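Two complexes, one shared chain (chain A), two partners (chain B, chain C).
After this line comes the complex of A and B, so read on.
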C-alpha cells in the first residue's frame, strides 16, 4: 500500500484483478509455446481446437535430435554446443576486458576520459544488422565466416561497452578509502584490487555477466549472416531451419524454443536480485 | 617504453584491450562500410569495391520511395512502441507497487519476457496469431466471436499491429522493472507533506511521483534505444517485411538489398542512415537523462 492510503475493498479487488490479467499476458505466450513442445502434432493442428492436452510426449524433442526414423533430424545438438561455447567464451572475455575498462573509468583521471567513455557507448548504439554488412565483407576476406572464433570476437565487442558501463557504476559505489587503507597496510595496488575491491564488486560483475551471456545467447541478426553451417550456427539461427516457404513445423520449433529459453531462464533466476540492481544503479549513479 | 611504466599510463593500459577490440570489430568495419557506401560494390563483382561513385548511392536512396516508406515506418514503429511500453510499464509498476503480497514473485514473473530472444518472441507471436492453428484465432472462434479466421499476419493493416504487440510484450518489462525500482526508492516525506497540504492523489502523482520517476524513465529509454534494432529479428521471422512490404522496416530492407540482391554499396548507405538514427535516439534520451539527474540534484 502506498503512503498509508486507505483502500476500499473494491479497490483492492480491482488491483488484484489487474495484476492477475497483467501476469497472465506476460506468462501465457511463453507457457503456450512450452506446452506445444510437449504435445503431439495432430493435437496442435486439430480442428476444432483441443484446449486441454490429451497426452504429453517427448516425441518432438526426440524428433529434433534425429532420434526418430520418421523424421529427418536437424543438427540441433551441434547448434546447442556452438551456442554454449560461443556465449560462454565471449562472456568470460568481455567481462575480463570490460572490468579492466570499468575500473579505469571509475578510479583514474586521465586525458580524454569523457571522450573515450562516449566512444564506447556510441559503439554500442550501432545496430547489429547495420554492422553485419561490413563485418560480412571483412570476415569473408579474413576467413572468419562460419567459424566460432569469428562470432566470439564479434560478441566480445558487442558486450564490452555495456560491461564497462555497469562495472564503472559498481566500482564507483565502493569507497576509495578501502583500497587506500589496504595499500597503507602494505598491499600493492593489484592486491588491494584483487582482495578488497573485486570481492565487493562481485554481484555487479555477476549481473554484467548475465547480460553479456543473454545478449550472445539470444543474438540473431549478426549470427544469421556470419554463420553458414553446423560448424558455427547458433540456436537462434537454427530456429529458422524449421520455416520453409509455406510450411512451419510448429511442434518442432516449440521444442527448439524450449531448448533456447531454459538455459536463459535458469541463469536469470539464479542471479535475478543482482540483475535489477545492476540495471538500476548502473544508470542512476553512473 | 618509459611511458608505460609511469603511473599515468595505467588507465590507458587497462583500457587498451577494450579499445583494440572495439577498433577491430566496430570502428574498422564502420570505415569499410562508409567507404563501401560510396561504391557500387556488388558481392558478385568484387572489383566494384574500388570504384568510387561519390554520393550516387545516397542520391538514389533519397529518391527511392521504398526507402522513404521503410524509413518513415521505422520511425513510426519506434515512436509508437517506446511510448506504449513507457505508459504500460508505468501502469504495471504502479500496480505492482500497490500489491502487498508476493511482490518478489511478481517481479520475477515480470522479468520473464526479458530473457526471451527476439527471434523467439517473433516465433511465439507468429504461432499465437497464426490464422489456422493460433491460440488467438482458436479462442475467438470457440467463443463464437468470429466465424472466419482472422489473417493477422497476412492482412496489410493487421500485420504491423501484431508486430507492435509482440514488441510491446517483449520490452514493457524493461520499463516496468526500472520504474518499480524508482517507485521503491521514492521518499515518503514529500508525499505525506503534500497530502497534509490537501493535494489529491492525481496532484501527488503529477507533481511529486512523476518528476521523481523521470530519470528512471530516461534510463529505460536510453537502454531501450540501444537495442530497438532487435525488432529486426522479430520482423524477420514473423513477416520478413510482408505482406506486400507493409511491415518493411529500414533493417529488413537493408539486409534484403545487401545479402539477397548483393548490392552491398547501397545496403551500407542504408546502414549509415540506420546507425545515425540510432545514435540520435540514444543521444537524445541520454541528454534528457543527464538533465533530469541534474534537476534531481542526485549523484554527480
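After this line comes the complex of A and C, so read on.
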C-alpha cells in the first residue's frame, strides 16, 4: 500500500504547497544571482526595482573577462584555473588516501583503531576559521602563503577525515565474503579490492568525491586568509574583487558567481546517478 | 591426488584458543562433513583449510604440499559460501568465468567451461542475468557453478544451504550429492544440520568446542557414538539418555526399573552410567523396527503423540525423564493411553556418567 492512498486530497495539496514554498525559499536566491548575471547593470540598480527582466545580455561575462572597452577585466581565468587545480588535486588526493584509510578502518583490526577514528572525527568538529590564524603563522614561516600547494594541503586535511568516514561506511556494507570469494577465485588481496570491492564502492566514492570537490571549490574563509595574488587566489576569493570601498559591482559579481556554480552543477550532474545510489546505498539490500 | 591432512591444527585469537590441535585426514574424492553446534570451530577449521584464516599451530597439507603459508589463490580450492558471495556487479556468466579470467585462461576456454558448468547445474537460461535477479536456489547453483568451473583439487562448502527454505534445502542436498558423483572431487562440507551431514557424507567429523569428538561413516556415528555428545547430536529425534546405576549387572533407573545391560558393556558394580537408546528402539509392541530383538517390556503412559504419517513419535517418561519412542505402522494414539512398550536390548548404549564416554 502506497503512502498516497491514505492521504486525503486537501492533505496532498497542503504537502505540495508546503514543498513549493520550501523550494522557493531555497532556490530563489540562487535563481536571482543567475538572473542578475544576465541583466544589464542599469536594470539591476533601477529604482523602483524591475522585478521582471526586460533585457538579457552576456555583457557582464564579457566585462569580467575584460572584453569590453568600458571596463577593466579581472583575472577570472587565473582564478578559475587556480580553483580547478586546487580543488581537483585536493579531491584526487583526498579520495585516494581517504579510500585507503576507509578500507583499512572497515576491514582491518589494529591497535588504536577506535582512538584514531575518533581523532579524525574530532578534527571535523573544529571550525575551519578557528584554524586560520595558526595556519597563517605556520604557512608564512613555511613560505606557503599565496601558493596553490598551501591551499591544497589545507583542503586535503579538511577532506581526508571526511572521506575516510564516508568510505569506511561504504566498505563496511560490502560483505567480506565477496573479497574472500575473489581471493579463492585466484585474486591477490589487491586484485580482490580492485576488481570486486572498488566497483561496488564506486557510488560511495563518487559521493565522497563530490563532497570533497565542493568543499574545496566553495571554501572562502581560509582561502581569503592564505591567498594574496593571482598566483593562488580562488574563485570565491576573487568575488571580493567586485567590491570597492563605496560600491559593489553586482552584475559582475553575479556573473562570476555563475561561473562558480556551473562547474559544480556540471560535476553534480555527471555523477548524479552514482551520487543518488551512494546516498541511498545503506537503505538498499543488495 | 587431492588428499587433505590436518595435523595438530590450532587456532588462537590472542590468548583465546578456538581450535585445539585437531587431526583429520580426508581421502582423495572423499565427501567429509564437519558438523557440530554453533561455535564448535567447524567454520574456522574450514577457513583455515581455505587460507582465509591463518593457522596458529600445526600443519595443513593439500595433496603433497604444506599450505600453511600459501594464500587462498595458491591452494587450488573452491569455496561455496553461506551467503553465496556472488559478485553483484557481474552477470552469472561473468561470475562463473571470473576465476578463469583471473587465471589468464583464453576466451574460448572460459566460454567452454562456463557453458559446461551451466549445463551441469541447469543455469543456461540465467547466464546473462545479474545475481539480484535470481532466486535463492538459483544463486546457490551459481555459487556451486563458480566452484566447479575451475576444476579445483578440493571443494569447500560453508553451510551452503542454511539460507534456503526447508523444501529447497532438500532439493539442493540432492543436487550437491549428484554433483559430487558427477565431478569426483574431494569435498569438505560444514553444516550444523545433522540431517545434511548424515545424507551427504562419506564420513562425518563431529566437533565440539574446538575438538573432534568422533570421525566415522554416517552409520558408525549413528550406531556407535563414542560419547553422550555425539549420541545426542546425531539422530532425529535425538537419542534418549537416562541416568542409571549398575546394580547386579543391570542398569537401575531412578524409578527402580532395572534394564539388563549388554554383555559387552565394560561396567562395574555401583558405577553411575548413562543409558542411551534411540526412539526407534523404544516402541509399542508390534510397532518396532526390529521385532526379533531381545526386548524388555515396559508399560508406559503416553503424554503426547506426534503423528507424522508413516510413524508417530510418542512422548512418555522413563527413569524420571522424558523419553521419546517411535511407533512404526502407527494406529491413532491418544494422550493418557497406557501402552506396552518394548525396549530393544541389543541396541542399548552405555556411557560413563562422569566422562560421557561409551562403555561398549
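Throughout what follows, the second predicted complex is superposed on the first by the 261 of 286 C-alpha atoms of A that agree within 3 Å, B and C clash if a C-alpha of one lies under 4 Å from a C-alpha of the other, contacts with A are read in each partner's own complex, and residues count from 1 in each chain.
The definition used in the following text is that a residue touches a chain if its C-beta (ideal position, glycine included) is under 8 Å from a C-beta of that chain, and two chains touch if they have at least 3 such contacts.
Since the model is a prediction, treat every value here as computed from it, not as a measurement.
Quick check on the superposition: with chain A as the shared anchor, is it clash or fit for chain B versus chain C?
fit
In the superposed model, which partner reaches more residues of chain A, chain B or chain C?
B
In the overlaid three-chain picture, which partner chain does A:79 touch, first (chain B) or second (chain C), both, or neither?
In the superposed model, A:79 contacts neither chain B nor chain C.
For A:191, select first, second, both or neither according to whether it touches chain B, chain C, the two together, or no partner.
Only chain C is touched by A:191; chain B is not.
Between chain B and chain C, whom does A:181 touch in the aligned arrangement: first, second, both, or neither?
The second partner, chain C, only.
Measure off the angle at the C-alpha centre of chain A toward the C-alpha centres of chain B and chain C in the combined model, and quote it in steps of 10°.
90
Just to be sure I read the superposition right, which of the two partners does A:239 touch: chain B = first, chain C = second, or both, or neither?
The first partner, chain B, only.
Touch test for A:213: chain B only (first), chain C only (second), both, or neither?
After superposing on A, A:213 lies clear of both chain B and chain C.
Counting only touches as set out at the top, which of chain B and chain C does A:199 meet: first, second, both, neither?
Second partner only.
Working from the superposed arrangement, determine the closest approach of chain B to chain C, counting only CA atoms, in whole Å.
For chain B and chain C in the superposition, the minimum C-alpha gap reads 10 Å.
Which chain A residues are contacted by chain C in one complex and by chain B in the other?
In the superposed arrangement, which is not itself an observed complex, chain A uses residues 286 for both chain B and chain C.
Name, in rising order, each residue of chain A that touches chain B in their complex.
Per the stated touch rule, the residues are 1-5, 15, 18-19, 22-23, 25-27, 29-30, 32-33, 36, 44-45, 48-49, 51, 97-98, 100-101, 103-105, 107-108, 110, 113, 116, 119-138, 153-154, 156-157, 160-161, 164, 214, 217-221, 224-225, 236, 239-240, 243, 248, 250, 253-254, 257, 260-261, 264-265, 268-269, 272, 275-276, 279-280, 283-286.
Under the stated contact criterion, what part of chain A meets chain C in this complex?
Answer in residue numbers: 175, 177-178, 180-189, 191, 195-196, 199-200, 286.
Chain A touches which residues of chain B in the complex?
Result: residues 8, 10-12, 14-15, 17-19, 21-22, 24-30, 32-33, 36, 41, 49, 92, 95-100, 106-120, 123-128, 130, 132-133, 135, 138, 141-142, 169, 173, 177-178, 181-182, 188, 191-192, 195, 201, 215-216, 219, 222-223, 225-226, 228-230, 232-233, 236-237, 251, 254-255, 258-259, 264, 267-268, 271-272, 274-275, 278-279, 282, 286, 289, 293, 298-300 of chain B touch chain A.
Where on chain C is chain A touching in the complex?
Touch list, chain C to chain A: 50-52, 71-73, 77-79, 81-83, 85, 87-89, 98-99, 102-103, 132, 146, 150.
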